[in-house]
């Protein structure tokens, strides 16, 4: 299978559609991004890398970062985290607050905003916000084997100034006792986590452990146990695309996590880690062309967790 | 891998827990079932069959039948069915009506009651209720390669007399124009479909095509295309266990569909079709011991769609 | 105060606006009504009657009938009815089912459809549907002192054939055990109750007891106790206009009950009973011009329960 | 009618029940209040005052203050405020956020927390928080004709430190653009408004204009127009007791506004302004004994807006 030809084809075929979807405009910094960009990168479990398009352009990975922060939190607090966040698809938008009221401040899963905020609260235990952010950054750099990865301060600041919905979610959970730290501290970590800037190449590399039973197949180091890797993949598949998770599973058939910056990380267990990026979003908040690209890739490679 | 030893061990280990959970009591006929039963059957893509416990006892498969009716409807109406039913997890109980009001009569997926009722309406097109029921029964007998499979008339009648919630769902969708046939006709089909009586052995055989790229590996006949088989598996994984779908994916890692009769059909793509049965249900309405058994099986076989 | 001049003025001033709003079209028979009609009738506690416009034209009073059926039910079952229906505004549309799921089949108040259906179920106790309908008709004739009042069979049949939403509500409540009789029987009573055909003159006469401490000031007979009359007025004020009840109280300041046929009954305690009718509805389902007319009337007469 | 005898009787009859209900504990300062207190004060439109029990003990009027802040906002911004807040009962708890999401940041009425926060935002226009608080305090002192009325700084601080739910509501509305000022500024005003400390005697005096067509019958000065007074009364009746408004109208039959400090202000138009206070709350958050006392008073005086 010629993966380079496949990604080249995808870039060529999508070229006329560049600019489809709607760039996230509720975070002012993100609204400035040129929508006519598309990148894709595949890192296989054998360590081969295939890239095409704007795969070397850094973008704000936003909620894709929730995968890495969840991994970090599981390492620190273990399965006890599930007392404070669920594992079920939400059936609602990424920033909905309705479910939180009905379910007394316990978010449905760690990949919607409310759930990711609880995860930040867990990671803060015993740390100052700056320390927690530092630890997170070091972890992602380690996963991607790339010390140049950084957090975009302008994006973090932009969200800090305008992220009223996240302040609402955090205060709401605090009122139910499901945040233990100061709301500003927790959101400080959350906004910096979301402001992580990565290229498709870096992102696909960072996610590789999830395709390889929890260990980095290149360095050989274990990141998480095989069981935990499977479970993170399961959460990505059922909850990784907000209220478009079912559709993504139906069309692509791979665990994935999207961000409003237009990035998606997808995992083909035993085969590869894939990152795509295109800023325009579909109506449920996932990259429009990114989703299309992954469906093309899954179809052409036969990669699907649901059968060849 | 000694599958017979594995299923024997599971039966032995679960023996002390027989009777856990709560038998569905809202359908009077189901409430009569002895809760201390457990069966398991595996049919591999090579045609081998491994059974243990009460694998030869017929039980009411209830909502597991939705997998087969969906397959039938896709064969008749194709992808056009997705105009009338969604593909997203509901985030609510199997019989919730709230989402239907907010989303104007379009059920979230074909595996909650409302969605399955729409599927029955689709299958009724051009048929009388009895004909549609007959066609469905012939289809399941064909899949299971067993002409003795039948519908339990007492269960169907029991649901017809007491299924007020389903009458509510059907009339509600009718008010939005998303049922095209007489409510009594549609529910006649639905209640008979749910009253299908099968053993674990028959059920695992009937689901085998979903483990084998859409074709029956024993007869060699194609049931659906490989792509459609993958998509049905995807729907089972994201939506097959109502508001416990995320948890099932997390713990078991296989596409599955449960029924309030206590049965679960699970698919290990490329490997096997598995049926378990134990009447006691957990709090989201899925077989308590059946879920545990599948987690044990997945752990011991290494079967998971999310990585070995 | 020259009430005749006031109602004449209102008719003259509204003349250019005849046809405003949208005639209810979900009941086919109602959709046939000429929208350019308007009538008003006032019956004072002294027995004087003032009418203008189409006050002698019969129309389908629809949900206005819920006031009379509630009165009948209170007479039969007393305050025990409040175990099965609430007394709070719903904050939702007249036919919403969402609240019923969240509150386990107990409707918020007797003036939304679900609540009125429970009231019919209460009135059916010990009776056949025809008997209950007969009793209701006799009661309204007695209140209006007019034996010519009748039920429009075509409207009742029209609702029976198309009232899917009401079938949904009834079956839903039945599933929670909050209907004790056959759904078809309960809805038979409900649809016939709603199909009551009355003129503004008859309607204002029938409601007079509510303006006069529960007794008919003309005949002198007591219908309900003064306390019960006050309570029915309170329910009309807080719940009588569905999700427009607050606005009606704000603008008109009188207890009132609207129907989708375009009628409204309003009560000025100690002064008069008023009926208006115009078929076009506003967006919350209340007569558009009827609401305007009552605001004009309240303003010109100084009738308001909230201060002169 | 011997009002003094009536209030004395009420105090005597309620004596054995002192302590009923549950003191609000989510505001730490309020949790410290002795629950075994009850006070009542009536100020008639003739200027007579009747008090009994703990009518001279200051308490935190909390949400009762919303009546006065709404009056102030209407004076400043007029009917334009209704573009940013509704006039309908909410059908939900006082601090629910669900409706806000469904209705895009527009609160249902000015007497639930979200609505009152919007009112504070309106009053802040052109002012600094301290100025707005000062203006509000002067207004209430003017209404009560009592310069000793003050804001309890400890209560305001207690709410500032723990009012997460209100921070959530405010940030949520800010995300929809329905707050124009800094969240901390708006809530600063809100928390100080709620921390107003008054006795029953002062409170009944301050509300007198609502019983007297908008003018203070003692000084003769106009506060609002008669029409506006009627409308504020209408809002109190339909929305003044959160999700217990219907019940309060049913049992008491007077416009009223409750607060979680255990106070209730009730208006008998044309007759009197009444204040009651007892800290224990019923399950919808209104003073348990206060509600009972007002029902007794209404019954014994015949004061009801729904007929004598």
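Labels for the chains are A, B, C and D, by order of writing; each one numbers its residues from 1.
In this text, a residue touches a chain if its C-beta (ideal position, glycine included) is under 8 Å from a C-beta of that chain, and two chains touch if they have at least 3 such contacts.
Here the structure is a predicted model, which means the values were calculated and not measured.
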If every chain is reduced to the average of its C-alpha atoms, which one ends up farthest from chain B?
D
Please report how many Å separate the Cα centroid of chain A from that of chain C, as a whole number.
55
Taking each chain's centre as the mean position of its Cα atoms, how many Å separate chain A from chain D?
47
Could you grab the centroid distance between chain A and chain B? Build each centroid from C-alpha atoms only and quote it in angstrom.
32
If each protein chain is taken as a node and each touching pair as an edge, is the resulting graph a line, ring, star, complete or other?
ring
Flag every residue of chain D that touches chain A in the complex, lowest number first.
96-98, 100-102, 164-165, 167-172, 174-175, 183
Would you tell me which residues of chain C are touching chain D in their complex?
86-92, 99, 108-109, 210-211, 213, 226, 229-231, 233-235, 237-239, 243-247, 249-250, 253, 255, 269-270, 304-308
